[in-house]
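Chain naming follows the written order as A, B and C, and within any one chain the residues start at number 1.
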Amino acid sequence: MQKVLVIDADRCTGCRQCELVCSYEHEGVYAPTLSRIRLVKFEDRCLNVPVVCGFCDKPPCEDVCPTGAMGQRAGQPYAVVREENCIGCKECVHACPLGAVAMHPRKGVAMRCDLCQGDPACVKVCAPGALRYEPLDAAVRQKRRARVVALGVLRSPEEEEC
Amino acid sequence: MLSIAVDETRCNGCRRCEAVCQVVSLANGGLALPRIRIHRGEGGWRVRICRHCEQAPCADACVSGAMRADPARGVVELDASRCVGCYSCVMECPFGAVFMVEIEAGGCRAVKCDGCRERGDLWCARYCPTGALRAGETSGAVATQIRRERAWRLHGAQPYGGGARWR
Amino acid sequence: MKKEYVVIGNSVAGLSAVRAIRAIDREGSITVVSEERHLPYSRVLLTHYVAGKLRTDDLFLIQEAFYQKMRVRLLRGVRAVRVVPGERGVELDDGRWLRYDAVLVATGARPYFPAVFARGPEGVLGLRTLEDAVRIREAALSGSQIAIVGGGPVGIKLACALQEAGLSPTLLVSSPHILSQVADQEAAAIIERHLARAGVRVRCGVNVEELVAGRRGLQALMLSDGSVLACDMVVVCKGVRPQVELVAGRVRVRRGVVVDAGMRTSAPGVFAAGDVVEVRDLITGEERPSAIWPHAAAQGRVAGTNMAGGRVAFPGALQRNALEVLGLPVVAMGVTRVPADPAWECVITRSKVAYRKLVLKRGRLVGAVLVGDVEGAGIIQAAIRRGDAGWRQLVTPRAS
């Protein structure tokens, strides 16, 4: 079963451990700007949203890439940025509807999540469980359940009493 | 690096960018030629403007040292006085954003976007009525904006679910 | 610990390697060994100098200040004799010994002379160095008869340059048409007509059989069709060969130095880039030297980054040439000559001023020849590199 990276923003505490471990995994330094996963904070709403590649089926970043740098490397199951082909035109950065592709500030090439080739480090360090890496059907089941509960919460108190 | 976001699906072909660019170029002492070009391609308008690549292939290919990435200003610049019109950059640019213009009999020079004088505020982007052109000062500027908008739509603005616990 | 880098060769591959090293390693010491006394100049612009459109000062790629800014020790007029990977050192011709942690061999290539020219009299030369160009320019100004051998890009550009300098040069081509390695027959015919109109004589299908030397050097060429061509100077533009002597026998060398995608040779710590190496062709998969400028710049950057501890790869070579033939732009990329095989097809658009041909192999874009109108050549190149099927929009004519 295909596994997906599930983001549960409700649980995110905004600790930025995922950013740190991601940059360390990929670049060997602790620097959030070098991370493939980025945290967006809405302070006024106490909302923290980790943003990461959505692993689209028809990725716009791959569509717009003029050099074919966004894509799979032969023999590797997860999509990467082929840095040797990347010219740093930033088309993918702008095309990504999630804002999950960023530019490497030093190398001048695109950065995007490669799921650590199947073993995402961010998931392992996420203490509150805002990031999960699980089979697609399990993720859908959980989401469905959460939705039903949420809908229940929205009912008026009278209805809930019956 | 300057970031220019081009969304061709939004372009309606009004060519305001071309007109503005021409005026700005003239005002800056250049040729009265647009450095951005719009033309109708298959299935819609094509916008041809330099993306100021970080690993610019045109600069790699330039045999006279006229095309240079300027990390300080964050743009790929063309020193027209050194250009010999060899077509190398035209051959390399994957966006077709370097144009050759004849400036005298038999002599051609390359012309491309110079990122305007005011960084982060490209005149073409400022005058684009549809949002087909957007510009930001750094390579992440536009992406950060997209990321924020999207994160809000997905998790913040929902009537239920995301964020509800903290409301 | 401070790393010691040695870069042998001071042209585009060497320079872009220096930039790449400095971008990563601000501490290490960089030494550039340059056989030529000049600052690096653009060899591609030498024909513009011959035409009188540029002065020598315009040819230099960088100023002296570059070396100070990059904190590079530049050894000019010094030749590296051999690289000894076992002792991690380079021997120079003045007896000095340079120790290195990483060395880049970017010695480039030299013009190839067929046997008949090998021990020719005064007046036989190639076009590779500034000295060559100066000699040709002097000969042109004194009104010499100059013949050019070889119908490749360099030969054609030199013929155009001499024509612009007011001479009427003769281009001798052994193949049945010009640009036989680069473009197809139809494109060549258009360019030949254009050259002929401008006053450049092109003679295809002739070889030089013998050189006739007089008291003051070259006098005439005996050609394979039996005719005799009087000339005082012959410039041989039959391509270049990698200069591999420096490392021959110590690292793997075939036609050029064999490197992997990271521009590493078979010896640890020894990198090579530019015209001296042979690289895998993106389309044919063939390993061969590719003496073109953009490859040298890209390979130099890859080598420099890897020397300083980074990890990047060169994506592979795509043979391509852009030239301007007396106002007529020509771009040829990838595979341009189509074998007689049903898997291959051509999409050709012709107009009064332009000839555009796209070459497809099993529906995949693998090459293009554009003459007259080269607009969007880069878009086509990107499509070739991606290898996708979205090439059809490229042939639709542009609405102005």
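By our rule, a residue touches a chain if its C-beta (ideal position, glycine included) is under 8 Å from a C-beta of that chain, and two chains touch if they have at least 3 such contacts.
It should be emphasised that the depicted structure is a prediction, and the values quoted were computed from it without experimental measurement.
Summarising the inter-chain contacts, the pair of chains with the most C-beta pairs in contact is A-B. Distances between chain centres, each the mean of the C-alpha atoms, put C farthest from chain A.
A separation of 45 Å divides the Cα centre of chain A from that of chain C.
Separating the centre of chain A from that of chain B, both taken as means of CA atoms, is a distance of 28 Å.
Mean C-alpha positions place chain B and chain C at a centre distance of 31 Å. Each of the following residues of chain C touches two or more other chains: 379, 382.
Shared interface positions of chain B, i.e. residues touching 2 or more other chains, are given as 55, 57, 94-95.
For chain A, residues touching at least two other chains, in rising order: 66-67. Against chain B, the residues of chain A that register as touching in their complex are 9-10, 38, 40, 42, 45-47, 49, 51, 66-67, 86-91, 93-94, 96-103, 105, 108-109, 146-147, 150-151, 153-154. Note for the complex: chain C touches chain B at residues 16, 42, 44-45, 48, 53-54, 58, 61-62, 293-294, 297-298, 301, 320, 322-324, 326-327, 329-331, 333, 374-379, 381-382, 392-393, 396, 398-400. For chain B in complex with chain A, the touching residues are 1, 3-7, 51-57, 94-95, 134, 139-140, 142-152, 154-156, 159-167. Residues 39-43, 55, 57, 60-61, 63-65, 82, 84-96, 98, 100, 106, 108 of chain B are the ones touching chain C in the complex. If you check the complex, the residues on chain C that touch chain A are 23, 261, 302, 312-315, 379, 382, 385-388.
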